[in-house]
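Two complexes come next, and they have one chain in common, subunit A, joined by subunit B in the first and subunit C in the second.
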Partner chain A sequence: MGGHLNANHLLFLGHGALWTIGLSLIALIGGGIVGFVIALARISPLRSVRLLSAAYVQLVQGTPLLVILFLGYFGLAAIGLKMSPLAAASASLTLYVAAYLGEIWRGSIQSVPKPQWEAAEGLALSRTQRMMKVILPQAIRIATPPTVGFMVQIIKNTSLASVVGFVELMRSGQIVNNSLFEPFIVYAIIAAVYFAMCYPLSLFSQKLERRMGRGSANFSLA
Partner chain B sequence: MNIELDFPAVLERWPNFLGGAILTLELAFLATVSGALIGTLAAVGRGNHSRLIARICKVYVEAIRNTPLLVQIFLVYFGLASIGLKLSAFTVAVVALTINVGAYTAEIMRAGFEAIPRGQIEAAEGLALSRFQIYWHIILLPAVERVYPALTSQFVLLMLASSVCSQISAEELTAVANYIQSDTYRAFETYIIVAVLYILLSLVMRAGFWGLGLVLFPRRRRLGTAL
Partner chain C sequence: MMKNRKLLGAAISACCLLALAAQPAFADLLDDITKAKKIRISTDLAIPPSGMMDSSMKPTGSDVEVAEMLAKDWGLELEFIQTTGATRIPNVQTGKADIIISTLSVTPERAKVIDFSKKYATLQSDIGCLKSLNVKDWPDLKDKTVGVSRGTTQDTMLSNMKDKELKIARYDDDATGVTAAVSGQVDCVGSSATIINQIGVKNPARIFESKIPLASFELAIGLKKGEPRLLEKLNAWITENVKNGKLNAIYKKFHGVELPPDMRG
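Right after this comes the complex of A and B.
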């Protein structure tokens, strides 16, 4: 055992990094679709729909992602619903991301000035038309900087998929370390790769925010 | 498919769950206090006249905010061990969480500092307040008051994120859950209970911060504004 870091190790880490990007995209798309539904449900004219979606957001935002992951992977397996690590990680991340993106987008939709709603209503547009043609195009502009900022959180959170054995960047780092016994060097490399993925997105989000001329406090997750 | 749930069998372990929840709160409390201190210093440092100090603070904040907590915990864990510091997993967890939340706090505090009107500082200088008095009364306290809701959310998120510390087998709620589920083979019930406990803990923390806010910022209560 032991040995030195070689090209094969780096190749293996690169492969893991690709899966980190893949899992992030799955979480972004899945969480985006569900989150969009949540955002609309949060401002629904129906009280019961509003309450249900609010309860969903509160429950997910009050639970650590790690516990949701354990529930999806070990919990469901214990009652007879076995999922692969990829399926469990994708499902957990989707549910988790949806709760946060749903709230970000609800805020964006609601920060479209009130007269816009009233004007659209005055033009006899239906609720769907008001949403699609007047409100959403403006809400998307407002939502872009925080959404890009949240993508950083998604990438970082995919590292938790390693604990259910899904081989993304973090897990591949642990595997490489198991043969090298150089934890500090290996994890420093892993950290650098995560930084290389996240920092450009952070900068882009800040740039978009400045362009919007609104210095809202950054949405952040540990 | 028949699903049998047996919550009582797991709830029997309530002293363990309770102990885990208390340890998680303890972990969150220690990291919040020290992280708030470091974060405030880093936020002040970023506005320092010395280019070097401002640079160091910026690198710290960006490096932490753009890497996962799990990686940071492992780095601290093995980093401290490699320089010969043998600390308990719980201590390592406190150190790692402090470093982590410090960076987020710094960013929130910076936003608070930037929101202080320049004229107020000039007015304070005109009134011959000392540098320390200006920092304390004109900049720090009003800034904290302004970003208090954001800080509250961040510290609650920190408490939830502390579950990751179970990966270096630091004693806290999730680690206790992992132990109980491997003992009872009732993973589903165990993690449902733990999820409920985390939700309760976050409610307790929010209520605590709300109460603390009433004591710390009586002016805000009187004005009745969100500032």
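Right after this comes the complex of A and C.
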């Protein structure tokens, strides 16, 4: 107990930071893929698909991530399904992120002005062509800021994975702090590392918005 | 966060019930451990001085040494299962870990969902206050805020003392509670003597001392219910190492005091 911060502590925190990055990537890639399917399902012409996907979104959005993680790891094990911490965390984060991204993207797709849909239909494009060539390119622009905002949140939310035994950045900080009793130094370092992960993402989003904004100066809500 | 905690509590209870319902009677945990040549021990490495990291980030502490000694005596490889205080019990219930050695106090509530070995140590908890504070008995604590670690037995005990009119501040872990005391957020804490002494080490201007003894908790090894052979073997191991004084030596090394006379061998 006690002592001073040394290279080993920093290494331990670095290892935790790698897990935070890894979990975030899994969440964003897995959640992105499933979320895209959810977004399309939410605007499906089939009523049953719409209802089912809406129910999924409501269920997951109404449940804290902590509880999803807990049930994924301990709950499934209790009924005999073995899940490794990585599998449980990946699956839970994917489910969680998908519900939010799906909803963000559905909103973006639907906020593409109605005349654009009608014009595409008037050109006799198929439903897939309409989506791919007309609607999605415009929806992506609308979706970028909220998507990045949510990604930044997810990076920080991966700290909840400590409940299934992950020693990610936040938990590694807690362990170091409980050996050193130096909360200000330890948590200042952790804050700096989280910031270093999130800020570039925000910068990237701004750049992306500017780039995609080009050529759409005349874009108006007809 | 508060809401999350409550929900987590509900989830834990739900899992406990599920685990009770899905109690497999056929497998014998001791056979599984022997076959795997490895024992998986659930230890929280963020509760000093029982579980913590040394300056080279290797696990250390009294529970860590007890676990290491057990694995060595039984000729098994040791794997620490990372856990937080709240997930110690679910870890053994759901087979993620074989046993818990993690300052687990024996309580009737816990005994409903897991089995306990004999006690391998005790933990004296006190109400510790700023040395200059005139606190002799419970009435002196009225209108004073007492810091505790959330979900610990100290928290449960103090929370149940409704008639004492205590103000309780709950912190995430011992290190945060110590910081609250060091920085002047609280003048009293409910914790072990080791932690109470640690406050003065961090801030010599605010030396704390034990004022009112709270309780002496029996610490035991926790395991899944219905594993009589493993339980028996654990008990025999504890009896032997109480008698030869090894458990007392470990305790003294980290906690600075000896175990009660009946456990000194």
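Quick note on the criterion: the second predicted complex is superposed on the first by the 191 of 222 C-alpha atoms of A that agree within 3 Å, B and C clash if a C-alpha of one lies under 4 Å from a C-alpha of the other, contacts with A are read in each partner's own complex, and residues count from 1 in each chain.
Here is the rule we go by: contacts are C-beta pairs under 8 Å (C-beta built on N, C-alpha and C of every residue); 3 or more make two chains touch, one makes a residue touch a chain.
The structure displayed is predicted, hence computed values, not measured ones.
*Asks:* After superposition on the shared chain, which partner residues are touched by A:Met212: those of subunit B (first), subunit C (second), both, or neither?
*Replies:* neither
*Asks:* Considering only the touch criterion stated at the top, classify A:Ile21 as touching first (subunit B), second (subunit C), both, or neither.
*Replies:* neither
*Asks:* A:Leu52 in the overlay: touching subunit B, subunit C, both, or neither? Say first, second, both or neither.
*Replies:* neither
*Asks:* Kindly classify A:Leu125 by the partners it touches after superposition: subunit B alone (first), subunit C alone (second), both, or neither?
*Replies:* A:Leu125 contacts neither subunit B nor subunit C.
*Asks:* Should A:Ala78 be classified as contacting the first partner (subunit B), the second (subunit C), both, or neither?
*Replies:* After superposing on A, A:Ala78 lies in contact with both subunit B and subunit C.
*Asks:* Applying the document's definition of touch, where does A:His9 land relative to subunit B and subunit C: first, second, both, or neither?
*Replies:* So A:His9 only meets subunit C here.
*Asks:* Let me test your reading of the model: by the given contact rule, A:Val67 touches which partner, first (subunit B), second (subunit C), both or neither?
*Replies:* both
*Asks:* Pick one for A:Tyr199: touches subunit B only (first), subunit C only (second), both, or neither.
*Replies:* It touches subunit B, and subunit C stays clear.
*Asks:* Using the superposition on chain A described above, determine whether A:Ile43 touches subunit B (first), subunit C (second), both, or neither.
*Replies:* Once the two structures are laid over each other on A, A:Ile43 reaches no partner at all.
*Asks:* Would you tell me the residues on subunit A in contact with subunit B in one complex that are also in contact with subunit C in the other?
*Replies:* Shared contact residues on subunit A (touching subunit B in one complex, subunit C in the other): 64, 66-67, 70-71, 74-75, 77-80, 162-163, 183.
*Asks:* Write out the stretch or stretches of subunit A touching subunit C in their complex.
*Replies:* Its residues touching subunit C are 1-4, 6, 8-9, 11-12, 64, 66-67, 70-71, 73-75, 77-80, 82, 162-167, 171, 174-179, 181, 183.
*Asks:* Quick one: in the complex, what on subunit C touches subunit A?
*Replies:* 3-4, 7-8, 10-12, 14-15, 18-19, 22, 45-49, 52-57, 81-84, 86-87, 90-91, 93-96, 172-176, 178-179, 194, 198, 201-202
*Asks:* Hey, which residues of subunit B end up touching subunit A in the complex?
*Replies:* Contacts found on subunit B: 1, 3-5, 62-63, 65-72, 74-75, 78-79, 82, 97, 100-101, 104, 107-108, 111, 114, 147, 150, 154, 157-158, 160-164, 166-167, 174, 177-178, 181, 185-188, 190-192, 194-195, 198-199, 202-203.
*Asks:* Sort out for me which residues of subunit A touch subunit B in the complex.
*Replies:* 58-59, 61-64, 66-68, 70-71, 74-80, 152, 156-157, 159-160, 162-163, 170, 173, 183-184, 187-188, 190-191, 194-195, 198-199, 202, 215, 217-218, 220-222
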